Every structure is written in C-alpha cells, then in structure tokens.
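You will see two complexes here that share subunit A, one where it goes with subunit B and one where it goes with subunit C.
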Partner chain A sequence: MDWKELQSASFLECTARRRALALVDEGTFTELAGPRDRMTSPHLPELGEAVSFDDGVVTGVGLVGERPVFVISQEGRFIGGAVGEVHGAKMAGVFKLALRAYDEACRRHPDEPERYRPAIVISFETGGVRLHEANAGLLAHAEIMDLMQDTKGKLPVVAVIGSKVGCFGGMGFVAAATDAVVMSPQGRLGLTGPEVIEQEMGKDEFDASDKSLISRTTGGKHKYIMQDCNVLCDDRVSAFRDALCALLAMPYEELVKYRRIGSYALVKEQMGLTALAAALNPFDAKDVWQYFGNGEADALPELGTEEFLAVARRREREV
Partner chain B sequence: MVGSAALFGRTVTVIANDAQAVNPRFPVVYFGVIGMEEAYKMACAVYESIEADKDKSVGEKRPLVLIVDTPGNAPGKVEEIFGMNKATGAYQLALAEARKRGHAVVAAVIGRAISGAFLCHGLQADHILALPKQYGTIIHVMPLSSISRITKMDIERLEELSVKSPVFASGVDFFYRLGGVEEIVPSPAGLREAVARHIEEIDARKRAGDDTHTGPWGRGLLGAERGGRVTRPAVMALMEEEFDAVAARYLK
Partner chain C sequence: MALRHLEFSYDGVPGASIPREWAHSGVVGSGDMEVLLFRREQQGKVKVKVCTPVVGFDHVWEKVLGKFVADSGCGDLDLEINDNNATPFIVSLRLRQALLEARGGES
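Presenting the complex of A and B:
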C-alpha cells in the first residue's frame, strides 16, 4: 500500500511501520535503526524466545511541512508492543535526536521558532514493560519520562492512540505526560490493564471479558469526556494525520494548554478531580458522564464519532 | 507522608509512602499502594519545594529524600475511570523538574520497590540507594510466578535462569548490575550518612553543570559501565549516525 492508499485505511488495522509512514508528509519518512540494522534484543534468545528485527518499534523522522517530525510507532504484534532494552533505547534515541534538532533550529532560525520547531509523535501500541526483560524495560520508562521533561518549553510531543493493544502500563503515564493526546473511539488508554485489575482485585472489581466495560472505562470517547484525550477522531489514518497536522499548526504556547499534568496548577486541578472521584464513587464511567451533563449516557457508546462530538458534554477544565 | 526535616542540620523535603496506611476513600489503596490522592500529594510536596527555593542558586536548593516501600500503583476501576496514569505521571514530571532545576533528589529503597510505583516514587531520583535483600528489600516488576503466567514461559526454567539473569529477575543486586541502583547500603544504621553523602555529591555535580551522571540518564551510563545494559548505548549511537547521514533533508 502506498502513502495515498494508506490514508483511507483503518488506523486500527495498520502495522506500526505503515502508521509511521502515513502520519508524516508523503515520501518523507526515513526509518532509523530499522530492521536492516537488526538491532534485536540480546535478552530474548537467552529465554529461548524469538526476536524481531525492529524489536517491536519503528523509529524515524519525517516532515510535516518544513518541520522535522520524529516518529515512534509501536508494534503490538510483537510481544504486545512491550518495551525492553532495545525498544526503550530506540524511543530514548528519538527524544535525543529531536532535542538536538530543536537546538539546531534555534541556532538557524532564531526568529522563526514556529515554522521549524521539531516535534515528536508517538503512536502507542503497548502494555508497557516487557516482562522477559522487565528490569531493563522499567529503567527505560524512567529514562523516557526524564526526556519528556526535557522537551517541556522546547518542542511538542503528541500521542496518537488507536491501535489494537491500546496504551497501558508504564506507557500509560508516558502518554499522559505528552502535550496533546489524539484518540479514536477504538483507542484504549490506562495504567492498569483490564486483565491485571481482574487478576489483582477480582471479577467484581473489573470483568476483563466485558468489551463494552473496557471501552467505557479506557476508550477514546470516555477519555475525551474526561479531557484526557484532546482530539477524538475516526478510525482512519487520514483522520489521525489531519489531527496531528492541525495540532502542529497551533502556536506552541497554545498547544501546551492541552496538557493535563506537568505543573503545580494542573496537579491541583487533578486533585479536585480526585476529590470528585471519592465523592461520586462511580460504579461505571456512565455515572461520571451523567455527572458532567450527559443525560443520555446509555446512548453515547453507540454514536458515530461525528454525532458523539456534536452532543457530548465534557468536563470543564479549570486550568 | 510528606514534610520538612533536618538532615545533619540541612533542611530537606522528605516524601515517604506509608506502608501501613489504608485509604478509606479508595479501597484498592492499602499497605503502601500509591493511589491518585497519594501521587498528587507527593507531586505537591515537590512543587512546594521548588517554589520555596526558587530564588536560591543550584546547590543551595533543598534536597528531596524519597523513602521507598511500595508494592504498586492502585489497580482499580475508579482509578482507571479518573486516570491513575496521570497521577503517577504527574509525580514523575514534578521530580524530573525539581532535579533539572537544581534540587538534589535521593531515593532510599528500604522495602518494596515494585513496577510502576517504583517508577513514580524512586526512579526519577538523581541517585538511588537500597538496603540489601536481608532487610526485605525487593526491586522488581512482578514475581516470577506472574511473569510465567503472562509470558507462558515455564516457571522452572524461569527460576533456573533467574539465578544469573539480572534483566528480568527480582533483586537489589541485579538492579545494581543494570545501573538501576547507585549504591547498596549495608545496613539501616548507615543510611542517614549515605543519603547525606550522596546529596553532597549530587550538589557538587549540579554546581559544576554536569547533568549527565545523575538521574535516569546517569543510570543508563552506569548500566553500560557495569555490563548490565550494553546494547542501549549502541542503539542510540547508531540512530545518531544514521540521522546525521540524512539530517540535511530534515534540518532546514
């Protein structure tokens, strides 16, 4: 499939490489540490497990207009997109290159920061730490959060979430720490995945076989109502790309207002929300939708994206 | 528990998760679990410390001491509805900001340091100290029995491999080899002195403008030095080399 054909494809069905290729401008994507380099996990063979030549993540750089866009795209088909030493190093490598590109852009174009400002886009599809190399995966997560803080005030980081595995575990807070989050209704975002909640706390707390419960709790529509997803779009590659381009076209100072965390004021806002969680003690996400003014909460999961966006009432932000 | 204390006369912020407490408002939060309220409260202590010392110079700012004994982040439905991922993320960003603004951040693992809870409460520190395992310290993502169930790998084989593999098995020593812990402090009696010594060392580095040998990045270097994570730097060097070859196309 070429770039043009990819644009009308389902984002949910796309491999990581196709997503990476299609999110940036046509013909501009260059993969870095790609499969030909065979940067594979040194740890999986010791456990008798198969490796992947890209270690489950596509990393590279493309252009959106004149702006270099550094891309991380995770592949759920390989060990659920989980992060080990190489996968994590590739992610960190992208952040390092983007930060370097920012310094270079400041040097070359001190008067035109917006036009040439680099960006990072992360297409998440992961459950977080790869258990086969769990300790290295954990340390990689810390490194990525550290680098995320380095981007603040310099360049935007955009999360796109609409792939089969969703975005869970440690990568759930990496996504939360980005500047803007784009999801489709099919996207899933959280910290503790449904199976883990069920395993830890029992089926009464969370029935992981209940697909609509998972969707209501972690899906794009719910996260949009909560303001944890900034842009909700259809499950189509071009819809994600359009959302990304629109975000990057915003002045940086405007875009960063989409952040949910990362300052004292934002943390205070979230503490207010946590107090509401305690007071409301909802049995289901629908209770929260109703609280935020969605009287017809039962109807929301069934609506198409456009209809949903027209009627959904969102939590009002204080910051 | 958060607050101010004096360590050998110097004011420090202490953030210690309470391993005995039960949160009556959130039933999945007990015995050291870090939930939404806890993580945001910890983040507030960090931002208050930054605010209080904003006019002080690097090296003068109050250190933050994290005392770590936590089994995990809160795994509940209400937590997922309201976004527990933001809470643990918020605390990490706050600590990273404090570190980059010149506060020395030292974590001391005195009990359990597990998975996402260790990521938020510990792994963003400049330096991490841990007591040896005879004091009950545990550092890991999950026990082997859970790894076996999820990865469908044979538990006996995992147990056999875990004796020598630092990369997935539980253990303070293994974490040390991966560069995940700067120092193993032999006994609780030596902890106060060790924390103060590390604060001094970190302050000296910060005053000298060296930000590569502390925090997660510094532990990456340690991981290579100690032979536990040697592929990581090779991957990043390769990416840099490949980008340099095409940079002209992207950096206008």
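Presenting the complex of A and C:
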C-alpha cells in the first residue's frame, strides 16, 4: 500500500510502520534503527520468547511542510507493544535527536523558529513496561519522562492514540505528559488497563470483557469530554494526519496551552477533579458526562464522530 | 528454553532475486513472523536463517521453505526469519507476500 492509499485506511488496523510512514508528508519518512539493523532484545532469547528486528517500535524522521517531525510508532502485535530495553532506548534516542535538531534549527534559522521548529509525534500502542525485562523497561520510562521535560519550551510532542491495544501502564503517564493528545473514538488511554483492574479488584469492580464499559471509561469520547484528549478525530489515517498538521501549524505558545499537566495551576485543576470524583462518586462514566451537561448521555457512545463533536459538552477548563 | 536458530540452503534460480538490495515484511505477532530479504549473488542459492521458539519442527521448516523456493522460482537470496509460532500455512503465505512486496516496490 502506498502513501496515498494509506491515507484513506483505518488507523486502527495499520501496522506501526504504516502509521509512521503515513503521518508525515509523502515520501519523506526515513526509518532509523530499522529492521535491517537487527536491534533485537537481548533478554527475550534467554526466556525462549520470539524476538523482532525492530523490538516492536518504528523510529524515524520525516517532514511536515518544512518542519522535521521525529516519529515513534509502537507495534501492538509484538508483545502488546510493551517497552523493553531496546524499544525504550530507541524511543529515548528519538527524543535526543529531536533536541539536537532543535538546537540546529535555532542556529540556522534564528529569525524563523516557528517555521523550522522540529516536533515529535508518538503513535502509542502499548501496555507499558515489558514484564520480561521489567527493570530495563522501567528505566526506559524514566529516561523518556526526563527527556520529555527537556523538550518543554523547545519543541512540541504530540501523542496520537487510535490503535488496538490502546495506551496503558507507564506509557499512559508518558502520553499524559505530552503537549497535545489526538485520539479517535476507538483509541483508549489509561493507567491501569482493564484486565489488570479486573485481576486485582475483581469483576464487580471492572468487567474487562465488557467492551462498551472499557470504551466508556478509557475511550476517545470520554477522554475528549474530560479534556484529557485535545482533538477527537475519525478512525482514518488522513484524519490523524490532518489533526497533527493542524496542531503543528499553531504557534508553539498556543499549542502548549493544550497541556493537561505541567504547571502549579494545572496540578491544582487536576486535584480539583479528584475532589469532584470523590464528591460525585459516579457509578459510570455516563454520570460524569451528565454532570458536565450531557443530558442525553446514553446516546453519546452510539454517535458518529462528527455528530458527537457537534453535541458533546466538555468539562470547562480552568487554566 | 532458549530460542533456536536454524539454517537451510536451497538451489534456486540464478538471477531471480529482488530489485532492491534488501526488503522487510511482516510483524512478529502471536502465530505470525517477519522476514528480511537480501539480494545476494550466490549461483542462485537461497539461504535461510530461522529464529524460533518452537522445538522439534526442523524438518517441517525444511519442507515448507523448500516448497516456497521451488514454487516461487526465486533465487540469489538470503532470508532471515523471526518466527513466533507461525503455522506452515502462515509461513508460506508470509513468504509469498514478502517476495511480492519486495518485487512490487512499495510496501
């Protein structure tokens, strides 16, 4: 499938490599540390587990207009997109490259920072740490969070979430720490994944076989109402790409207003939500939607993206 | 417990390689595999390396890969496979897809 055909494809069904290729401009993607470099996990063979030449993540760089866009795209079909040592190191490497590109752009184009400012886009599809190499995976998460802070004030980091596995575990934190989050209704974002909640707290607390419950609690529509997701788009590659291009076209100082965490005021806002959750004691996500002004909460999950965007009332942001 | 590395060599058709120097295809999902293909001038030989967690199916690999080389009429290739419990049918399918993609240009 070439770039043009990919644009009309379902984002949900795309492999990590296709997503990476199609998010940036046609013919501009260059994969770095790709399969030919055979950077496989040193830990999985010891456990008799299959390895992958890219360790489950596609990394590289492309262009959106004149702007270099550094891409990280996780493959959920390989061990659930879980982050091991090599996978994590490849992600961290992309951050380091992007930061160097920012310094270079400042040096070469001191008068036009907006035009040449690099960006990072992460197409998440992961359950977080790879338990087979958990210490290395955790360290990778810490390193990536550290590098994420280094990007603040320099270059935007955009999360796109619309793949089968969703974005959970430690990578849920990483996604939350980006500057902007784009999701499709099929995208899912959370910390503790549904299966783990059920395993730890029982089926009464959370029934992980209930697809609509999972969608209501972690899906794109809920995250959009709650303002955890900034842009909700259709499950189409071109829709994600258009959303990404629109975000990158914004002045950096405007784009960073999409952040959900990262300042004292934002932390205060999040703490207010915690207090609200305790006061409301909602039984279902629908109760929360109703609280934020969606009288017809039952109808929301059934609506197409366009209809949903037209009628959905979102939580008012304080910051 | 550790992963197994198998190597096979077949007589293919000289010159029946792939246009580019190398190509890659597939995802190591459960019951699936990926393959790296390299153009190599070696009197038509097709050499295959397989990395798999499965024990006791070496002769099946030899037959499935041999049939792929014979049926596809390929040659002058090195293949490297990462397998995750793919069935013989899936292996044949993925190899044919990989060769098609490598020859068709776009992935």
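The working rule: the second predicted complex is superposed on the first by the 319 of 319 C-alpha atoms of A that agree within 3 Å, B and C clash if a C-alpha of one lies under 4 Å from a C-alpha of the other, contacts with A are read in each partner's own complex, and residues count from 1 in each chain.
In this text, a contact is a pair of C-beta atoms (placed from the backbone, for glycine too) under 8 Å apart; a residue touches a chain by one contact, two chains touch by 3 or more.
None of the values given here were measured: they were computed from a predicted structure.
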First (subunit B), second (subunit C), both or neither touched by A:Glu200: first
Contact breadth on subunit A, by residue count: subunit C or subunit B: B
Which of subunit B and subunit C A:Glu125 touches, first, second, both or neither: neither
Touched partner set for A:Arg36, first subunit B, second subunit C, both or neither: second
First (subunit B), second (subunit C), both or neither touched by A:Ile261: first
Subunit B versus subunit C as contact partner of A:Asp179, first or second or both or neither: neither
Touching partner for A:Phe53 - first (subunit B), second (subunit C), both, neither: second
Contacts of A:Glu75 with subunit B and subunit C, given as first, second, both or neither: second
Which superposed partner A:Pro282 touches (first subunit B, second subunit C, both, neither): first
Touching both subunit C and subunit B, counted on subunit A across the two superposed complexes: 46-49
Sites on subunit A touched by subunit C in the complex: 1-2, 15-18, 21, 34-36, 38, 40, 44-53, 56, 75, 77-78
Residues of subunit C that touch subunit A when the two form their complex: 1-3, 22, 24, 27-30, 32, 34, 36, 51-53, 80, 82-85, 106-107
Footprint of subunit A on subunit B - complex, ascending: 25-26, 28, 36-37, 40-41, 43-44, 47-48, 51, 73-90, 92-94, 96-97, 100, 115-116, 118-120, 123-124, 139-142, 147, 150-151, 153, 157, 161, 165-169, 174-175, 178-180, 215-217, 219-220, 223, 228-236, 238-240, 242-243, 246, 249-252
For the subunit A and subunit B complex, residues of the former touching the latter: 30, 32-33, 37, 39, 41-43, 46-49, 59, 61, 63, 66, 68, 85-86, 88-90, 92-94, 96-97, 101, 104-105, 108, 116, 128-129, 131-143, 145-146, 148-150, 152, 169-170, 172-177, 189-192, 196-197, 200-201, 205-206, 217-218, 222-223, 226, 228, 260-264, 266-268, 270-271, 273-274, 276-278, 281-282, 285, 288
